[in-house]
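Several structures are given next for inspection.
Both of the next two complexes hold subunit A, though its partner changes from subunit B to subunit C.
Presenting the complex of A and B:
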């Protein structure tokens, strides 16, 4: 009887405990759902403007997808577009040109930006005005920048050749020669974007505690020692952020190069982005263009992971700051 | 006076009913207005050029006469191509009328209403296609059907500096050196001789004005030279575009153009329309001779924009070893199958292509496609380019047309420029063109 009673009590107790647990779980679940409900609009927007276009692009890249209905019907080809790209010499040429553009232009912009930030990291009469004026090129529309440089480099009427003629040098067809045309688009990019680097690095420099620099001076460190051992390590996250942002931007460079050279002469400046546009809107091959876009996405992710993972983990940052 | 019987209602009911009545009336009015407007409005896609821009001045007259409102979108040719590609399908269209460049007719033909199915026209009579010069009419034809009405008489016309060839000193000097009279070049050799004379003596900045801009334009130059030296590039054989080029003749054509490039203005490797116009019209020395599209003549003859206005003599292109040829680049107006305003769109085209409007367009220095407007004697003296255009039409040839032509144009542009600028031997450049074009045709299943 007692056993029965106690087992009954036990059951009741267990039931009470289960019901309390259930109640707590339900409350917990309700509380757990609430944040997601609040986040839902943001998630929907991110899905609509970020995730869905990427997924759609991925799907389109597996189709032979003409831009115009008149060009033919859509047909599933699996990895056919990717295979065709690997056999396309123009694809490899454009990739080589795009990577060359990144690895030449960005270090130069970093160097100029860093040098300017160091030079202007002091107060003098008109410092604010100088810093503001230096930023002007960044605010130029890319297409305007491309057009301006195209006219400046015009062999017959451009001011650059006019100057060369006055100095006794021959006229140069800057955009008519494959080598000088490629250099010209890099110079244009450096001119327009080095102030971007300056802006970010200057902000980083002003955040470095003065006490650390003073302490280094007291320890007998000169300019170069301070730069190498104190400033650069502390500025590294800013440097890497700037470089990463510029790489992402440089991978998409289009309008200024299109206006300057349209990818020519020949295909000397046919960057990856221009060739993607040509595939989609010139050749009407949206599937191929999407495959190229996915390829570009993979390259961007590789760059981002390499830069962020290796050098921006907390442990690494603490270690560098400690050193 | 009308009284609303509000006195039997409560104040609240009276207050509510009046605004509701007004809103209801407004909605009915708006629906009626939309209904009226949408039935009488057409959306038209124009290419950006002096010709459509000139026509826009006259459109209010058409709207007044017909009650049809015309919404115009005017874009650069590449954007017209893209817009047409994405906006027009068999089931839906954003435009009731689109302008299609002749090279793109194969791509869009299946989406357009054949001309024989266009309505008869209410206020403006349907245009007889035979009013269009036969050389131009071919532009709108594809697969045995006329799918659009050619609307401008655009093909190579040759321009030569009248003031230079009429200069007594130059005439005597040239005759002494070359043994024949200076004049409008009739052959390629004469063009090279005269251009070299003026260039080497520093009289001009360029003895010849090449075109090395967009792919379609460079393709046109290459086709022009190949035809002139006796070879086609791609012909339709047994229903397929087939590479038929004679490499040896094509290389000859490229080599000759390379000689012309040596007497071209500085920067000729990248000369597009803007640079050519600047070199010919605003350079104090200018260019001796070059082709031009009639659509651009207005700017060349505008005294406010050109130092050589009134100093240009127009002719058909000079003859190569295989004869005279003139590259055509005409636009056709097409009505998409999916439009719900076929008749209104057709009415607009009949007005646009009428004799009255064509004559008015000629007076404004633009070039319609109607034979009677181009050959009207009243314009012969004041518009000296018109007889030249009519003459050029006798030698009109088209660039190859097929769906994959854009890829082939890029290939030709790339290696043609490398060949004519000496970056690559012409023989090698031509071989590259042949090999890569064959690849494109093979991949396309031809």
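Presenting the complex of A and C:
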């Protein structure tokens, strides 16, 4: 196969040499337009459904913009909505809940994922099956995850309370109590997403050259020493990448929580996206909601840019293709 | 002596692997328990579910499936999910493949910034866009239409497909295209007739994940549609919102939605990381 390709390449080189002159003029012209022709449809779509809506949100965020006619008069307020947000305790509440969600769920996911990757990075009976079936929750539909956990935590008939009753303990209204409801949405997220961490970290782990680990063993390094001075440093880029990916993803959590608690009880699980949605379509304050949308957008772009900067995948891809 | 220590080492290794296997299967069982509950509830009657009694094999019934498949809302939702999924997949794949080719094969000014903008745009939160989309769609009559929702779904699928395909595209040897160009083929001809067939496996991966993105999507469908264009996830959410909780039907509907998801994910093992991170991870 490889030989065939290289002989083909040679062929082309010879052909190129003979037809160089008449080819060059034709290609020179085409080359200027060609990339644009290929990229234009994507750019048009991206402009229509991403760039324009963002710019539009920016405009709307400077207006007092009621969703329906009956809810008030549309008028320009400048930074008024942004200032109003700083006075809105519900806004701070949702921001706090959102940050808590990220800072509690993701470290646990990382820890579970890393431990599982270390544990399962060996051959044992059924290893392949375990490693692939573990990933199913990651692909479980978010709304189904919310639904399932809502079911599990139901009073009386929910499996968890059922178990408590059987053990003689009093049942708990998990989703009816602010603290336990907040814990529940985090548990739901950890359940669904730690295998995602596992998947990436396991891939990173298998890429560590075996000789390095063996060399460390020969030097008399025990498990912890090996972990601390070989595995973790080598895995650091993967860890950072997966945490960043998870943060970007967790910033936009909506469906699971919406189905599970709808932000309640009260506003105990009203994460940022849920409160934005409530502002726009519940309170009909589209201007305020747009200000929140822009705020979240900026945070997300910062994280996304960090990720992109860090990985610079385009160059890596080309190096790979060239090699 | 040497042999004995080797044998001892082997038994030790065997024991460790045995323990690991047991622990692994316990973790797996805990992890899959919620999914199993959902699937099993779809085969139970609501009376049995609501009574909290444990699952009994003798109570298995297809009643919830019959009900939910007769449910007009879910049927419309299912149809819309399939239509929107296929349409947005087709558009994103076509447009995304062209753009990905443009990035992979041409050097031009602003190439890097353009490619990275696509990657950043892929990661934007939906809630940041949905309000503006709602207002725009209301103005031009696209709210609660299949085309409107399809358009909304292309907003995440186009940038997604571009980055998912890039590694497939850069891996192709330029020689094929150059040979075709020498034979007088145009750039467009090369792309459609030579290049796309070569990268067909990549296109399949792209199609599968783009479809799943659309299939799983909830927020746009919830906010941008109402009655006519609502998708299956919205219909399932509706089953949970009524006066009486119809867990059986909701779980049956959920299980139906899971079928393509699990078939694809188990069939695409090799591409799962690429699929889920698309450009976010090196290589």
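Note that in this section the second predicted complex is superposed on the first by the 243 of 323 C-alpha atoms of A that agree within 3 Å, B and C clash if a C-alpha of one lies under 4 Å from a C-alpha of the other, contacts with A are read in each partner's own complex, and residues count from 1 in each chain.
Heads up, the rule we're going with is that a residue touches a chain if its C-beta (ideal position, glycine included) is under 8 Å from a C-beta of that chain, and two chains touch if they have at least 3 such contacts.
Bear in mind that the values here come from a model prediction, so they are computed numbers and not experimental data.
Once chain A of one complex is fitted onto chain A of the other, the partner contacts of A:156 extend to both subunit B and subunit C. Contact with subunit B, but none with subunit C, is seen for A:267 once the two complexes are overlaid on the shared chain. Comparing subunit B with subunit C, more residues of subunit A are touched by C. Judged by the touch definition given at the top, the superposed model places A:70 against subunit B, while subunit C stays out of reach.
By the document's definition of touching, both partners, subunit B and subunit C, reach A:281. Contacts of A:232 after superposition: neither subunit B nor subunit C is touched.
In the superposed model, A:215 makes contact with neither subunit B nor subunit C. Subunit A uses residues 156-157, 161, 281 to touch subunit B in one structure and subunit C in the other.
Residues 78, 81-82, 84-86, 88-90, 106-111, 205, 214-215, 265-270, 275, 278-279, 283, 403-404, 406-407, 410, 413-415, 417-418, 421, 423, 443 of subunit B are the ones touching subunit A in the complex. Contacts from subunit A toward subunit C in the complex involve residues 5, 8-9, 11-12, 15-16, 19, 23, 27, 30-31, 34-39, 41-43, 45-46, 48-50, 52-54, 56-57, 60, 116, 119-120, 122-127, 130, 132-145, 147-152, 156-159, 161-162, 191, 195-196, 199-200, 203, 237, 241, 244-245, 248, 251-252, 254-255, 258-259, 272-273, 276-277, 280-281, 286, 289-290, 293-294, 296-297, 300-301, 303-305, 307-308, 311, 313-314, 316-318, 320-321. Contact residues of subunit A toward subunit B in the complex are 67-72, 84, 154-157, 161, 171, 173, 175-178, 261-262, 264-267, 278, 281-284. By the touch criterion stated above, subunit C contacts subunit A in their complex at residues 17-18, 20-21, 23-25, 27-28, 31-32, 34-35, 37-38, 41, 49-52, 54, 91, 94-96, 98-99, 101-106, 108, 111-112, 114-116, 118-121, 123-136, 151-152, 154-155, 158-159, 162-163, 166-167, 170-171, 173, 175, 178-179, 181-182, 186-188, 191, 212, 215-216, 218-219, 222-223, 233, 236-237, 240, 247, 250-251, 254, 257-258, 261-262, 265-266, 269, 272-273, 276-277, 279-283.
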